[in-house]
Amino acid sequence: MFIDKSSKENKVVEADHTLTFQCYKLPLLLQENAPFIGELHLLDIGLHPAFLHNQSVDMALVDHSRVRQIFRRRNVFAHKGNFGHALLIAGSYGKIGAAVLAAKACIHSGAGLLTCHLPKCGYEIMQTALPEAMVMTDENETIVAQLPNEIEKYSVIGIGPGIGTANETQNLISFICRRFKKPLVVDADGLNCLSQQKDLLQRLPPLSILTPHPKEFDRLFGDQQNDFERLATAKQKSSVHNIIIVLKSHHTAIVTPSGDVFFNNTGNAGMAKGGSGDVLTGIITSLVAQNYSPEQAALLGVYLHGLAGDFAANALSEQVMTATDIIVFLSQAFLSLK
Amino acid sequence: MFIDKSSKENKVVEADHTLTFQCYKLPLLLQENAPFIGELHLLDIGLHPAFLHNQSVDMALVDHSRVRQIFRRRNVFAHKGNFGHALLIAGSYGKIGAAVLAAKACIHSGAGLLTCHLPKCGYEIMQTALPEAMVMTDENETIVAQLPNEIEKYSVIGIGPGIGTANETQNLISFICRRFKKPLVVDADGLNCLSQQKDLLQRLPPLSILTPHPKEFDRLFGDQQNDFERLATAKQKSSVHNIIIVLKSHHTAIVTPSGDVFFNNTGNAGMAKGGSGDVLTGIITSLVAQNYSPEQAALLGVYLHGLAGDFAANALSEQVMTATDIIVFLSQAFLSLK
Amino acid sequence: MFIDKSSKENKVVEADHTLTFQCYKLPLLLQENAPFIGELHLLDIGLHPAFLHNQSVDMALVDHSRVRQIFRRRNVFAHKGNFGHALLIAGSYGKIGAAVLAAKACIHSGAGLLTCHLPKCGYEIMQTALPEAMVMTDENETIVAQLPNEIEKYSVIGIGPGIGTANETQNLISFICRRFKKPLVVDADGLNCLSQQKDLLQRLPPLSILTPHPKEFDRLFGDQQNDFERLATAKQKSSVHNIIIVLKSHHTAIVTPSGDVFFNNTGNAGMAKGGSGDVLTGIITSLVAQNYSPEQAALLGVYLHGLAGDFAANALSEQVMTATDIIVFLSQAFLSLK
Amino acid sequence: MFIDKSSKENKVVEADHTLTFQCYKLPLLLQENAPFIGELHLLDIGLHPAFLHNQSVDMALVDHSRVRQIFRRRNVFAHKGNFGHALLIAGSYGKIGAAVLAAKACIHSGAGLLTCHLPKCGYEIMQTALPEAMVMTDENETIVAQLPNEIEKYSVIGIGPGIGTANETQNLISFICRRFKKPLVVDADGLNCLSQQKDLLQRLPPLSILTPHPKEFDRLFGDQQNDFERLATAKQKSSVHNIIIVLKSHHTAIVTPSGDVFFNNTGNAGMAKGGSGDVLTGIITSLVAQNYSPEQAALLGVYLHGLAGDFAANALSEQVMTATDIIVFLSQAFLSLK
């Protein structure tokens, strides 16, 4: 929870250290203010927790206690059918790795079953890398373009990692938006495909989750002056299209159709590398498959992704850790919620 | 060991906690009762062990002491020929992962040699994933349909993981049932193939092991009203066909031709994911190859599979653990029997 | 060191335990006596070490102190050219795993460079599994048959794992025996190829190393009545052909042209699995490349192979450990020699 | 820091131990003197640190304190665009492993994005081995020869590992030297290609980094009488061509255009194996991508490479450690700089 009292015009000093009282203020969470903040220190001034709790705000932090409330244990008698069947549509020639990362993250976040729809050139790569995933291949060698059979049987579709923006791939996304009634998780080139046919934003299944970084966001919703405006636009678009927007940044913001904004407080600069976003797509897709609500899945997924990244950075250094290592350290992140 | 005094008509309360005296009762082990049981507590009321031991029951728990009696150490002077040569028939296009999981589990459970018969599309995948396995490929690119050469030389055949139910594959199973005289281990689509030509149940080699989950069981033996009826049917069919039925569930039941039923007491909901069953097939096939009797192999295999899963869940969380991790933690499971 | 005073005619009792004074006797080391020995106990009767040391015997144990005398540290200023360039000729369709295991073992035992000559079907498998190895492919898709270019530039050739016994492959071995002047390490199907053209035994380069198990030995040198006769034959053939014979068994015997026999004292029944022999081939080939004499390489290689296996069994259990795990635990074996 | 007072004519004694006062002298760092030095001991004679610090020398040791001054933490608000996009041009038929090793090392050293340009035969291998890398393939099946699209968009190009010296590949390097304006990192066959068209040395982009071992150096710059002459030549060529020369040896020397020479003090003989150089190429390329100056990247890269190798040797032994293990232990090397 935090209170926004600052205004953008105050940007003057490039501080080495910034002290703030009790809780985060909005500008301290926005990427473009980074040069003016330096190292941030929260000073406890003894405000009563009940007072803070009673403040009515539409912004909040995603922290451990919030996430523990969302997290559910697996029922001991459950079988794989209880944890959903996710479909992942990903990859193109030279970018099958994005599909592998998203698929591994999905499998390692608890989904019951995962089927991957890939271009033919991804067949052996995925089957070698991840025996737990089933694979369907497109009729195309290098791109995905063909509507998979029986898409209605899947609990959720994750689409985007490494797919490129070929016309045929754009058409595929258009088909899916029209045929699939459960939430989509759209990332990366999936978002870029949407940017090229913006009318599809209206056709996204209710409570679909979009996970743009700032550039992808601006391609989708027009250029934004600054992070404040971008956040305002996200709130508006989230409400208009009834979607959840995960605006990726150092403090990733999850924006819901009801106008709530949640800032994530896990993660580190070691995740600023190719593949981290693919991993997030896989985690969120997996959580939706397990019947978390899309809002819960976005909050829990973003938090766990960052926390696993923090464990990885701690063990391996920010320089050395890779997107694969985020997946490896998901176990520590999940265990911390028990 | 347990005593069944409850009856199905008592299902009323959806308890958060259930207390029971001294030992499990049958209804407490059945999946469909899960909503009414909640968390189960066994209360020790001080019954004399000798009394319990002397009760004549046809049902028992698979627990550590029982499994230690079955488990055999490897003779120090033994060579690989002493531990059998398993044949695994598995995989189809997009489902080679199932073959890889079963093969890895087989190799990591002690078999002397393993040959995999795969569709051509699985060749590089298996050879890359598991150098310890030898590979034969079918004349078909995407399915298995061709009777492997010299099948009589193998100690056991495991068949089913990921094979699909193409007509040609069904024919292959029919050939094998007629030609192979040693036990088969049949799982997954292998069972579905049997469901489509039920006369083959009569032709299964003596003491073959079938490992259906409830839906596969019903496809094989007709719809069952409930878990009690399913168990009764399993006992009858096991006796009629002289086969061992491993009815997979939270407490997997191993049913033998002599009418004994053993309930397994290891495993967890983290195993409720695609691939777990393929791993079990590999373990049991491996144990039969090592000259455990099929009944012993089923008991020991089911127990070790669940125990490895428990070690995996403990180390990695139920959410994050995968079928591959069950294989990784087989070492801890086997070491616990030493 | 040990003294052979027992005779074969004494085999009567199938003992559970056998007590022997001070040191091993020959019959206690031979596989076929295993049923009569049970668990073996060496009783220290206080013989003076100098006395034992002064006994003139042509048999000895390969133990830690002997191996430490052979083992050399790497010179700090050395470069990769100082550690040789090994050539491995291995694999056929469905048995590329044998090539992978031998190659990994070679790389993980210290050779400077490794080139693998494989059938075309092994190309991607090896390059994916082991980036440290260079690969040449045969003109054949499924077998090796073509003499590699410039074979004289290699320090040693390891040949045999998984190559099959096709006529063309037999011819290749014949070519190599005639062209290559430095030692060969011949295993598995390489030995079976020799068995089919026994005149090649005369043409083996001096101090080549053959690593047969008893069946392969008998195919090469004729049926043997028992382990005593097999050992006598090995001594004779080793001398006649000026080769080193590694007769694999629980206590593997290394027989040298000068008539010495060394019995290995490491290893366990968890190594009685497909692939263990391929790993040994890789280790010995690597040691010869590093300029150990063939006799030293055989002693050191057999010892390290068994010791790594013992570490693997201890960590993973005899059932679960695989040939790959022997390679993984080579590090502990080498570290124990420091 | 060290002072060179010795002269080459003193080489007489092949010492087991050499004692020297306070700091290294040049001849003690040169490979060809190794037989005369034996084990080296630095004796502290109490020279005042300020005195040493004030000596004006053009040679220095790369040690922990120097490297910590170069090393930069990652800005917490950074995104992947801040860490550059490296292009790696590597591999040919049978030597795709060199590309995999360089690519893995690059990814594990902190670059934001990596694209690999490979011959077609490397496609599946790289995508299977390293999902974090994007892949472009050449129009050639077995070599790289085609200028990648949009090379100007990359922050740095690493070229050489495993590429061979085909004429077409030589032409590619020629094109790149003319078109690319930012630094190249050239290694292995990349250097051999330069040797065959020495006029390209003049066309290397400013501050390109060349990483020859002594033989590759001599092919580039003519035969050298000894290490002293080689070092003198390196200083001259570095200045003339405005490039950084990393002369690989036990104490690798980094020579800069301004005439400074830095001797590295990490590393061990376990790195004297195929693939170690490819790993170094990947690390340095990654550091340049992250906006370290080429001189800093060379110093930091050589130091971390050797330090990771030392951690690997300590954990696995010099014999068993591989080039891949250097990458695995990069995490410990980077963590030591925190």
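Order of writing sets the chain letters: A, B, C and D. Residues in each chain are counted from 1.
Keep this in mind: a residue touches a chain if its C-beta (ideal position, glycine included) is under 8 Å from a C-beta of that chain, and two chains touch if they have at least 3 such contacts.
Computed from a predicted structure; not experimentally measured.
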item: Same vs different contact residues, subunit B with subunit C, by half of numbers used; value: different
item: Copies subunit C and subunit D - rotation angle from C-alpha fit, nearest 5 degrees; value: 90
item: For subunit A paired with subunit D, centre-to-centre distance based on mean C-alpha positions, whole Å; value: 38
item: Geometric centre distance via CA averages, subunit C-subunit A, whole Å; value: 53
item: Per-residue overlap in subunit A, given as positions that touch at least 2 other chains; value: 124, 128
item: Set of all touching chain pairs, with the criterion as stated earlier; value: A-B, A-D, B-C, C-D
item: Partner subunit D, residues of subunit C touching it in the complex; value: 73-80, 82-83, 107-114, 123-124, 127-128, 130-137, 330-331, 334-335, 338
item: Contact footprint of subunit D on subunit A as seen in their complex; value: 31, 34, 94-98, 100-101, 104, 121-122, 124-125, 128-129, 213, 249-250, 268-270, 272-276, 315-324
